[in-house]
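Labels run A, B, C and D following the written order; every chain starts at residue 1.
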Amino acid sequence: MSLVGPEVHTPTLLYLDGVSVSFDGFKAIDGLSLVVDETELRCVIGPNGAGKTTMMDIITGRTRPDTGRVEYADGVDLTRCDESEIANLGIGRKFQKPTVFEHHTVDDNLELALAGRRSVAASLRFALGPEDRDRIDELLATVNLRGLRHRLAGTLSHGQKQWLEIGMLLAQRPRLLLVDEPVAGMTAQETERTAELLVGLATDHAVVVVEHDMEFVRSIARKVTVLHQGRVLAEGPMSVIQDDPLVNAVYLGE
Amino acid sequence: MLQSTNGRARTARAPGSDDSRGKHPTMKRTLARARSMPVIRNALRHAAAIALVTGAGVAGANAQETIKVGVLHSLSGTMAISETTLKDTVLMLVEEQNKRGGLLGKKLEAVVVDPASNWPLFAEKARELLEARKVAVVFGCWTSVSRKSVLPVFEELNGLLFYPVQYEGEESSKNVFYTGAAPNQQAIPAVDYLMSEEGGAVKRWVLAGTDYVYPRTTNKILENYLAAKGVAEADIMINYTPFGHSDWQTIVAEIKKFGSEGKKTAVVSTINGDANVPFYKELGNQGIAAQDIPVVAFSVGEEELSGIDTGPLVGHLAAWNYFMSVDSQENASFIEAWHAFIKDEKRVSNDPMEAHYIGFNMWVKAVEKAGTTDVDAVRSAMYGVSVPNLTGGIATMFTNHHLSKPVLIGEIQADGQFDVVWETPGTVIGDAWTDYLPESSQILADWMPPVSCGNFNVKTAQCSGQNY
Amino acid sequence: MNHIIRHRHRRWLVRGLLGCVLALVGPILGATETRADFEAALAGLDARDFADKLRAIAEVARSGDPRSETVLAAMLDGRLAVTRAGGRLVVLPAEHGDAVDVRSGAPVPGLGARQTSRVRINNRLRGVLRDAIASLRLASPDRVVRLDAARALVGGVDASSLGTLRDALEAEGDAEVRGVLEVALAMAEARSDDVDTRLAAVRAMAGSLRPEVRGLLREMGDEERESDPRVRSAARDALDAIEAEVALYGHLSSLYFGVSLGSVLLLAAVGLAITFGVMGVINMAHGEMVMLGAYTTYVVQTLLPDALEISLLVALPLAFLVAGLVGVLMERGIIRHLYGRPLETLLATFGVSLVLQQTVRTVFSPLNRSVSTPQWMSGALEINPVLAFTYNRLYIIAFSIMVLLALVVLLRRTRFGLEMRAVTQNRAMASAMGIRTSRVDAMTFGLGCGIAGLAGVALSQLTNVGPNMGQAYIVDSFMVVVFGGVGNLLGTFVGAMTLGIVSKLLEPATGTVLAKILVLVSIIVFIQRRPRGLFALSGRAAEA
Amino acid sequence: MSESPVHGSGGPGRSPTAAVLGVALVVVSVVGVLNQAVGESSALHVPTYVVTLLGKYACYALLAVALDLVWGYLGILSLGHGAFFALGGYAMGMHLMREIGPRGVYGHPVLPDFMVFLDWKTLPWYWHGFDSFAFALVMVVLVPAALAFVFGWLAFRSRVTGVYLSIMTQALTYALMLAFFRNEMGFGGNNGLTDFKDVLGLDLQSDATRVGLFVCSTMALAAGYLLARGIVRSRLGRVVTAIRDGEGRVRSLGYRPERYKLFVFTVSAAMAGVAGALYVPQVGIINPGEFAPLSSIELVVWVAVGGRGTLHGAALGAVLVNYAKTWLTGTYPEVWLFALGAMFVVVTLVLPRGIVGLAATTRAAWARRVTGASRAPGEVVP
């Protein structure tokens, strides 16, 4: 296990220890351990079926691990929480396929994601306050969608949807962002902007990015974790990983 | 479609015409106004109102005025299986009456609506027939619940309903004539027959029925009746199944077991419609023959048998007031007319058809006697009206709104017909309130003065539960 | 009565033989007075009063005349008639051929229903006739006939015929027939005044499962009916032993009923398992496909009235084709446009089901249609007097399992099955590999509907054939598929059998309606616990 | 899933409450006045028959609005909403039965007639309290809501969705139908509850009462519409439609979709119950047929025809389909089932957004045509 001295630099935000899960006898995750610090940009790479998405599912409570521990912040056991609790703990997730609410406007999408009380009664009485409006304006600026705020999300381009989703992620005020293939289907220019955005976010958030696009990973990565067959194959700075023969054999070399 | 030929606009009813109605205050008011208004405005008003609800296809501006006969039988949904035939029967009777020159010098006109086996829709359609289509009389309903559903409507609007199906009794409405059998005209004679030496001297009874009000009431009556005849409680087995029950294995096995304890056993079946076919098939397959455990059914007639392979059923029984196989002049000509009308030599006739035949002829006779189709006048004229039934006897309407009928027991034959093996010596008068239920035995129905009540309690001398 | 029908063909053969034997024996006995008795008694068969007929039957049976059995059998079958002109007693042919004069034995050509009037009988006469015929047949050379005759005699023997019975027992070589005769004899002797005879009778009856025996033993155990305490206790012991055995067979029967109900559910649901499970299409018109299959059976029987025995075999492929074709049309016309919108499919197919119902109502009338059961499916396989497996249900159980196996083979071992699975798993990929996905869709849906058509043929043997029949099965079939786990044929099988058996085990205790409600509610609760059913796929595939 | 003009920043209709209530009041007073005050000789007179029919349609429309709330906005196709309607109806029916008191045909002081002749000796416990109108009113709302709550709590918690949920709701109403058919249940079995005499001392057969019931139904429809509208236009409405379009995503935003679903489902069931309660005194009968799966599916088609996802569309659909039913079953009886069946197919295939959607599309096309006319010939329309 390669614990990078959690107490020393920045405190640990997320800690996976010996997590395993299998579907119909197939081990999707097999004794996976992972540590993410409070402010960090971590890239997770690996071939198809390596367990990247399943790992995200476990962190966000969509899938329950068969064995192992998943700890968050001040020792919260994530395996005991359900999805919405985990979200409210400050873990936000952007899905692989952009999932925005297509029948809502861009504004409404952001409004739904705004941090705040999530109860039924509260939502029935909810009215948008001035602070909320400011926050939405701010987010719109961040993800560059200000001019499209009244458009239905379903009418946005693919890249715009990706950004909207990132905007929604930010609206939740998360401490940990899980970002699944953020640049898939983006133009070069969009990709570049996304890279800037993520790097910027990592200064005061923990960001975990799962990505296939090695170019993109190279452009943002500080530290890379390589998954293979549900376990960590290698972990370290991009330069080291690039030269790892094992990694090359299973992944990069392809 | 019959009623669509009636054209687009509205019949202008001449002031003081026959169908002026009677005592109901609202109706009286209505009529007072109706008489005093110009024909054209009348037509306009109705056209507007009717177009709003029923589209354009109501009532015709026929040059010749007609008397409208409402037909309220389900043509779709689960009850269509039984009721469609009755609709056709009324259409045939109307056609025949018109061939004979109509009634009171006018043609009869059937107004057919489809309550689609939906009970609230029955009430809506009844209201439409009476209020919007202005029919003089309605022939309709099959299930008890449909009758219960339309009853308040007929009572409110002072309509006239002829109800042609055997039923549980416990009712006598001023506005309904019950031309089917009451329990004492079907169930009790059937049990009497089975208890006789001739019927096999049955000692042990299975009362099997579909779980609804007719079997429940009939079986309650039979239970009390059998107890009065000295049958022990242990010798009666009661079983209820849901509508359309199709898996009879367990129940037939239980009946077989119940019947194998040394005493002659019979099944009294009030099983309804669709559930009968699988029931009889299972009986046949589990080897229960009629001579071992006969089944006497109150809801299985020729029409139901036409959907069953009757080979294995030979010898099982049914109790009715009419069988198609009865040898009489009236029956022969009725069947001939029916086959000609329906254009199918294979169609059978059955008991509820006879009930409509009797009811229709009684109504015609009563209208002729009263000289009007006014409901109150016709009702008074109905009492004591006698018309030939199809089994060679005479049916008379009594003041409790029930008929006198012969009771026949028939055995199922391989050709789907019944052989009459027993019949009551004379006719039996329908009893609205049975003598075999404690609460009911105190009640009497008589619509003639001085009682003039369908639910007169002889103990308290009160007329309870009337809606007028 | 069913075994009588079943053995009708055999009986004809036997009757011929018997006729020969008696024709040889008759002259030797040479009793002219029997002939006179017989002919005198014949007149009474057509008496107005049933009581007179009863006496006449007894006289005919006693006369010993070789013709008596033929006459009585014809009377039981309702084929004994009197000519309207002349009042001659004749036996009408069972199907084709000429009527035969009873007295002369000569054929009387040209007699139809209009020229004769049938001799009417009722249930009481049927019972008496059956016993009379049975006693006449105890001398038959065919052991099957003798066995039937002996069985018919159990419980119906009175003191007057004890002697005949003893003689028959003496002459009987077959063990099974002897066993039955002994019980019949014991039942008669149980009414003896002699205590020892009664005791012996009880011993002889012990172990017999015949219902009449139980009735008699119950009487003999009753203080009011039986004076001797030894007989009483022997009777009670015998009865207890028998009852225990009966109870055991009762459980077996319940199990059989459950399996049988399960097989019906399986047949109704397995087509749904294809359309719903494999394609994800909610076909609310599935029940109407069953109905089409059943109506196909009806049409086949109507068109081929002389081929009843093979009508079902003819109907099977036709029903499959008819329902399958309607299914393909539905898929091409409607469902194709609604893929990925299961709720819309549900509504559209429901509309189709209404239209199909009303169409059938218009074409075939709203009345139920009569579908006959071939001989080979009638009656029951009698293991003993308290345990019998009805043939129609045995065949249907076998048929349902065959259909299931055929389907498994089709899915796993054929090119079409392979393509079907490929399309289910990854439409785009399958299409890229050159599979004509739209054709596969249509065929798959057609297959599901075709199987429903097959179910219709089977159900026509159990229940109504009418416009509403499909409705009766739709909720149940969906329950089976959902309970078993969608997309899993094994699940459908286990689901159907579980529901069938559980319903049938509950039924005696709770009654039918409550059993059904309980089963429904438990499925609703079960689905909350395991939303994907009994045999659920888990993991990512299930969440897609 | 069709697009729905759900909410609204920028949507039309700023102050709907007054408008809707206004329309309802106008309808009510026009019909009422035309029935009661305008003489029958007038061309404008509305017969009581029509008033009753309109009252029934109003109940159906309320039921359709309730269903649209869960189907159009929450994405749950409930095939069991007839059950909630029927339960509300039974609660009201029980009160009406108790109100008959000793005026039944057997003159029994307490027991309804059907209990007397089936030899019941005492009133079952669950019939107590229904002699009070207020108690019955509470039950009208509470019983369907409680059933919806329990069913929904179980189903939504274990994430039963889509067609599974639809089939489960169908099984629910089917099981209830079987249960209410049983005479042992004490709800009158197949005949149900009938032969009502009066409500709150007012004769149910009098014209004035009928008009009164019609007024109540119309006002209930207006109130139900406003309530539903309030819900769908609140943030809750946005969450709910978001759940319809992506439940997993909503959950990952930290909401608990099951609670939202449960809330809307329960509210909808209560609305259906109110509709049933108003329906029963107007048609004069309530029986287990209302629980039949067929009735619930028929109700779905009302909403589909009108246009799901728009509350006024649902109400409109209910009125139109039922009007068609009234007309066809009276005029072309053989055609009704064909028409109903065809309606299912046509609506799903070519009118996924119903009549309201069609109207919107036509309006848009018309607008294009008008503007397009000014374009130069040959110009390419994007």
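Going forward, a residue touches a chain if its C-beta (ideal position, glycine included) is under 8 Å from a C-beta of that chain, and two chains touch if they have at least 3 such contacts.
Every value quoted in this text rests on a predicted model; they were computed, and no experiment measured them.
Each chain's centre was taken as the mean of its CA atoms, and the one lying most distant from chain C is A. The innermost chain, defined by the distance from its C-alpha mean to the mean of all protein C-alpha atoms, is D.
More C-beta pairs in contact connect the chains of B-D than those of the other pair, out of C-D and B-D. Distance from the chain A centre to the chain C centre is 65 Å, each centre being the mean of its Cα atoms.
Centroids of chain A and chain B (each the mean of its C-alpha atoms) stand 73 Å apart. Distance from the chain C centre to the chain D centre is 46 Å, each centre being the mean of its Cα atoms. Taking each chain's centre as the average of its CA atoms, chain B and chain D sit 34 Å apart. The residues of chain C that reach two or more other chains are 358, 513, 516, listed in rising order.
Contact with two or more other chains is made by residues 178, 181-182, 334, 337 of chain D. Per the touch definition, chain B reaches chain D in the complex via residues 1, 3-4, 26, 29-30, 33-34, 36-37, 41-42, 44-45, 48-49, 52-55, 57-58, 75-77, 112-116, 118-121, 123-125, 127-128, 131-132, 143-145, 148-149, 151-153, 155-156, 170-171, 211-213, 216-217, 220, 240, 242-243, 437-440, 443, 454-455, 457, 460, 462, 464-465, 467. Interface residues of chain C facing chain B in the complex, by the touch rule stated above, are 1-3, 5, 50, 78, 120, 122-124, 126-127, 130, 211-212, 214-216, 218-219, 250, 253-254, 257, 260-261, 264, 358, 361, 365-373, 378-380, 382, 388, 390-393, 461-468, 472, 503-504, 507-508, 511-513, 516. Taken together, the chain C residues at the contact with chain D in this complex read 282, 284, 334, 337-338, 342-348, 350-355, 357-358, 362, 471, 475, 478-479, 482, 513-514, 516-517, 520-521, 523-525, 527-529, 531. Note for the complex: chain D touches chain B at residues 39-50, 52-53, 56, 100, 102-108, 113-114, 116-119, 178, 181-183, 189-192, 194-197, 204-205, 207, 279, 283-285, 287, 289-290, 323, 325-327, 329-334, 336-337.
Touching chain C in their complex are the following residues of chain D: 77, 151, 154-155, 157-160, 162-164, 166-168, 170-172, 174-175, 178-179, 181-182, 293-294, 297, 300-301, 304, 334, 337-338, 340-345, 347-349, 352.
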